[in-house]
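Should a chain be cited, it is by its letter among A, B, C and D, assigned in written order, with residues numbered from 1 in that chain.
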Amino acid sequence: MTSPLPALPIALPLLGAGLLAALRKWLSRAAADSLSIAVAASTLISSLLLLSHALQHTQVYWFGNWHPRGSVVLGITFVADPVAAGLSSLAGLLVFLALIFSWRFVDSGANHYHALMLVFLAAMDGFVLTGDLFNMFVFFELMSTAAFALCGLKTQEPAPLQGSFNFAVTNTVAAFLVLTGIALLYAVTGALNMAQIGLALGGRHDPLVLFAFTLLTCGFFIKAAIAPFHFWLPDAHAVAPTSVCVLFSGLMVELGLYAVVRLKSVIFQQTFASGETHLRYILLAFGGATILIGGVMCYAEHHLKRLLAFSTVCHTGLMLVIFAIQGPLAIAVMLVYLVAHAFVKSSLFFVSGIMLHRLRSISENVLFGRGRPLRWTAALWFLGGIGLAAGPCFSTMLADAGMSSASEEAGIHGLSWGLSWLFMFAGVMTCAAVFRVGMHTFAGWGDAPITDRSAQVGELPETEAEEQKVFWYHFVPPLVCILLAIALTFIPGWQYGVREAAARVYDQPAYLNMVYTGHSIPLTAPRSWRNEIPGAAIRGTIAVLLALCLACTSVFRGKLARGLRIGAFLEGPLTILRAVQSGHPGDYVLWLTVGLAVFGSATLIILR
Amino acid sequence: MTDRLRLAIFLVAGPVFMGLYCYAAMNLPPWGQYRGPYGDMIAKLAVYERHATDTVNAINYDYRGFDTLGEEFILFTAVIGVMMLLRREKDVPTSPAGKVADRPPLSESVRAVISPALLITTIFGFYIGLHGQLTPGGGFQAGVILASAAILVYLAANTEAFKRTTSHVAVEVVEAIGAASYALIGIVPLLIGLPLLTNILPLGVTGDVLSAGNIALISACVGVEVTAAFLLVAYTYLEEIVTGEIPEE
Amino acid sequence: MIWCGAGILLLLAISGFAVVRTQDVTEQVIALGFYGLLTALMFFFFQAPDVALSQITVGAVALPLMIMLALSRMKFHKATRQKEGEHD
Amino acid sequence: MPHILHSLPYFVAAWLFFCGLYGLVTSRHLVHSVICLAILQSSTYVLLLAIGYRVGGAAPIFADIAPGVLTVDPVVQALMLTDVVVEAVVVALLLAMVVKAYEKSGCVSPSELRTMRG
């Protein structure tokens, strides 16, 4: 008797999607909404049940009942460890909240929207749970296909088609990079199961393995929007409906990094056993560049969704930097940050959706002073900003605390300061941008906002013009997200649980043993970062204050001496960075190729 | 960025990438010396364990059937995406565009050839679909062939008939049911405590059309889905031309 | 025998480049159809009849057909718009 | 197998990947970009096929050969079947975007379609 739990998070939404698509013409909007919410809720419940089982014992599930013969794996397996099951629960929760938010609200594209959302959910679940490399590619592609379609939901204007075309081209190239990497690994190991590949590769690190690593990593970096692969992300976010942006920024992008973590731990663990330091510097360089570009561009944007999108770029860069430290503790910190960021960013996107609905625009310039009556919206918006800066009480702060412990554990205490600065930079820039928009929109302070070209892309409102009312249930999703982001700091089991889960991800022998025999090896959880928390809280407070100052130098630039108008300067032309973000698919593919060449050469030269 | 600058940068980065690819590939096992073990193991087992002589389909629909489930839903999603992107917007009124390019000009002789061609294509499609577990072919290939039959109808300039076969809501419903029934077949074993997509049908005699358990059944679902999917895509592209109506500006 | 296979591969490499270099889209679709057939031939030659069958149906028929349909829809759209313009 | 052929198909795969990227970078027509993506995709066919090939191996279909005969790898062929579907699907979806963009804005060149930049 096999427990059916691991299969349900995929089977339920897929069946639901089929049903919704079949009944599309006959279902009323409300019926389609309720049906899809019910399916998402049951998926969420099955994911949570799976998580509760996985916390005790990793669940290994063989599809078609094809168990391995000796060391050869015949079928496809799901390995539901706490991290995978937890991310699947997060996916379920975000889709559930997004569907509640879009209840009779966002244009459903003739009722196609619901089926697409459910397929997207199934794809994310499959992507995190799978223990098979090619199966991962299949779900990667399924996730992308659903995302491309959802991105082009609003077909009334040409901008969505530009955004989704660029998104589709770059991410399809990513899929083929990943597939090429899988094929190369298959050629040398004769296996598609990740555990078997890891076993067969051993400590091999010839150019072939390193190149396969490059292809897989860069392919997933494209999804994770690491510079210079990030260009598609702002374009896609600017045009996608709010509820879809929540899923893109909240989880889909981060899943790219999750895949890199998983592959590095299961397949390439021994490959880099001797070259860990070199790999660290390569990843730190890419992550650091991403933080800088994302942070600066985030502050320079005046289109709300693009601004939040660049903040996502900045924060995924930060997650990469944390992962670059290496070691189980670093993975734990990254996961803490991933979850906290998902809640904070989702909340901000939900709030921007409410603003778009009430105020009929998403450009800072147009919104100036028009948000004064929206007190609740303003409160949620500013809270989200504080969350981005890892302000005290927010669980993003825990990551700051953990980062110094992790770098200490990895023996790179010297880098610790630099990393803290990067963390603070990311927080200050993104938080300041959010504060600036908030001050302009909800308070109407200072001078009229500066604007730029892309902010003038008039995004048509997603909703009908007649009813500009918002209902209480529109505030539920952002409120739930913000509350969860805060509550996680105070749930004592949370930090311990994540550390233990990360240890299980990191430990390659335990993973292999699990897949082949189904028995787990007891592991010791990495050490706690409790001592670092007060310091992190102080740094968080400073970051919030700095962000406030920076935002003020923009908002009140008229009253300041020229030398003090730092914010206004950062908002200014920034000619080169803006020129690079050109909206031309050819350029994006070009930078992608450059990134591949650089990452590939660096890996090959340094790690040989 | 100018076209020339873009090309210049690419001509530096692109060859570097290709060079890395080639350099890495020189470490691969030489061409023509596949070493196993995965493929060899399945080639040995499939005939005995699954009574399927076409091992490729045994992998596709059974050993790695879960991949194919995902693949079917990729197709399903893309079709929804195409229909959604090219949907008619609600408030935009349409105007009859008149006979602009209604029917492609075809000579009588071509039309005379097309009817038998249609018959042969359809029979071939069913043959390919039903023998998937034995010989090359299977649901996917059959689906594409059957859908091409409908395109032949259009080529025969019988737009009315094409409209009847495709514009109907039924095709859309069939497509969704085809995709969902694959998931349903997978779920049935869950009820008796087996993992998703486990075969619970009798395996039959190797080489028989009705052998190899659920492979034929899944293959049939895939065939239905693929046929409907390609028909829907073709119709969505042709909708304006067939109905002769385009949305006003 | 193996030289024959190598020849097909080289032909594929050349025609792939040719397809990419073709600027006119209609010509490119025809080139793509030819390329699809060549790929199918390669599949047959290297003992992959299943894939060859799907490649013939998809790569050489369905794919070019789909692009043709899309192009004809675009052309139709343009023609109708122009006609409407003349009426006004 | 002559020595100079050892890596030939892999080089062809690398070349096709390069061609696809080149086409995408230089493309002046959105439909052209989509076709280049299809060429890029075919690079993975060549690679997978070459990896699973075995000199003298039969096709892995035991309808007319005895069990136990040495065959080429059936697994890569199954992967390629998935790949073919993915190709068709991606092209269909991208074309739909191109068609819609053309109907909305009247242009097919990637440099004209840009409404968002910076």
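Here is the rule we use: a contact is a pair of C-beta atoms (placed from the backbone, for glycine too) under 8 Å apart; a residue touches a chain by one contact, two chains touch by 3 or more.
Computed from a predicted structure; not experimentally measured.
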Winner on C-beta contact pairs when B-D is weighed against B-C: B-D
For chain A paired with chain C, centre-to-centre distance based on mean C-alpha positions, whole Å: 37
Chain centre separation (chain B, chain C; CA means) in Å: 17
For chain C paired with chain D, centre-to-centre distance based on mean C-alpha positions, whole Å: 12
Touching two or more other chains - residue numbers and ranges from chain B: 6, 10, 14, 17, 21, 25-26, 28, 32, 36, 38-39, 42, 54, 56, 64, 67, 71, 74, 78, 81, 85, 136, 140, 233, 237
Where chain C touches two or more other chains at once, by residue number: 2, 48-51, 54, 58, 62, 66, 70, 73, 77
Chain D: positions in contact with at least two other chains: 1, 5, 8-9, 13, 15, 17, 21-22, 25-26, 51, 53, 55, 57, 59-61, 71-72, 75-77, 81-82, 85-86, 88-90, 92-93, 95-100
All pairs of touching chains, each written as two labels joined by a dash: A-B, A-D, B-C, B-D, C-D
In the complex, chain A residues that touch chain D: 134, 138, 141, 145, 148-149, 152, 155-159, 161-165, 168-169, 172-173, 175-176, 179-180, 183-184, 186-187, 192, 235, 238, 306, 452-454, 457, 578-579, 581-586, 589-590, 593
Sites on chain B touched by chain D in the complex: 3, 6-7, 10, 14-15, 17-18, 21-22, 25-26, 28, 30-34, 36, 38-40, 42-44, 46-48, 53-56, 58-60, 64, 67-68, 71, 74-75, 78-79, 81-82, 85-86, 134-136, 140, 207, 233, 236-237
Complex contacts: residues of chain A adjacent to chain B: 1-2, 4, 7, 11, 14-15, 17-19, 21-22, 24-25, 61-66, 69, 72-76, 109-110, 112-113, 115-116, 119, 122-123, 126, 134-135, 138-139, 141-142, 145-146, 148-149, 152-153, 155-156, 184, 186-188, 190-192, 206-208, 210-212, 214, 579, 582, 584, 586-587, 590, 593-594, 596-597, 600-601, 604
Of all residues in chain C, those that touch chain B in their complex: 2, 48-54, 57-58, 61-62, 65-66, 69-70, 72-73, 75-77, 79-81, 83-84
Partner chain B, residues of chain D touching it in the complex: 1, 5-11, 13-15, 17-18, 21-22, 25-26, 50-55, 57, 59-63, 67-68, 71-78, 81-82, 85-86, 88-90, 92-93, 95-97, 99-100
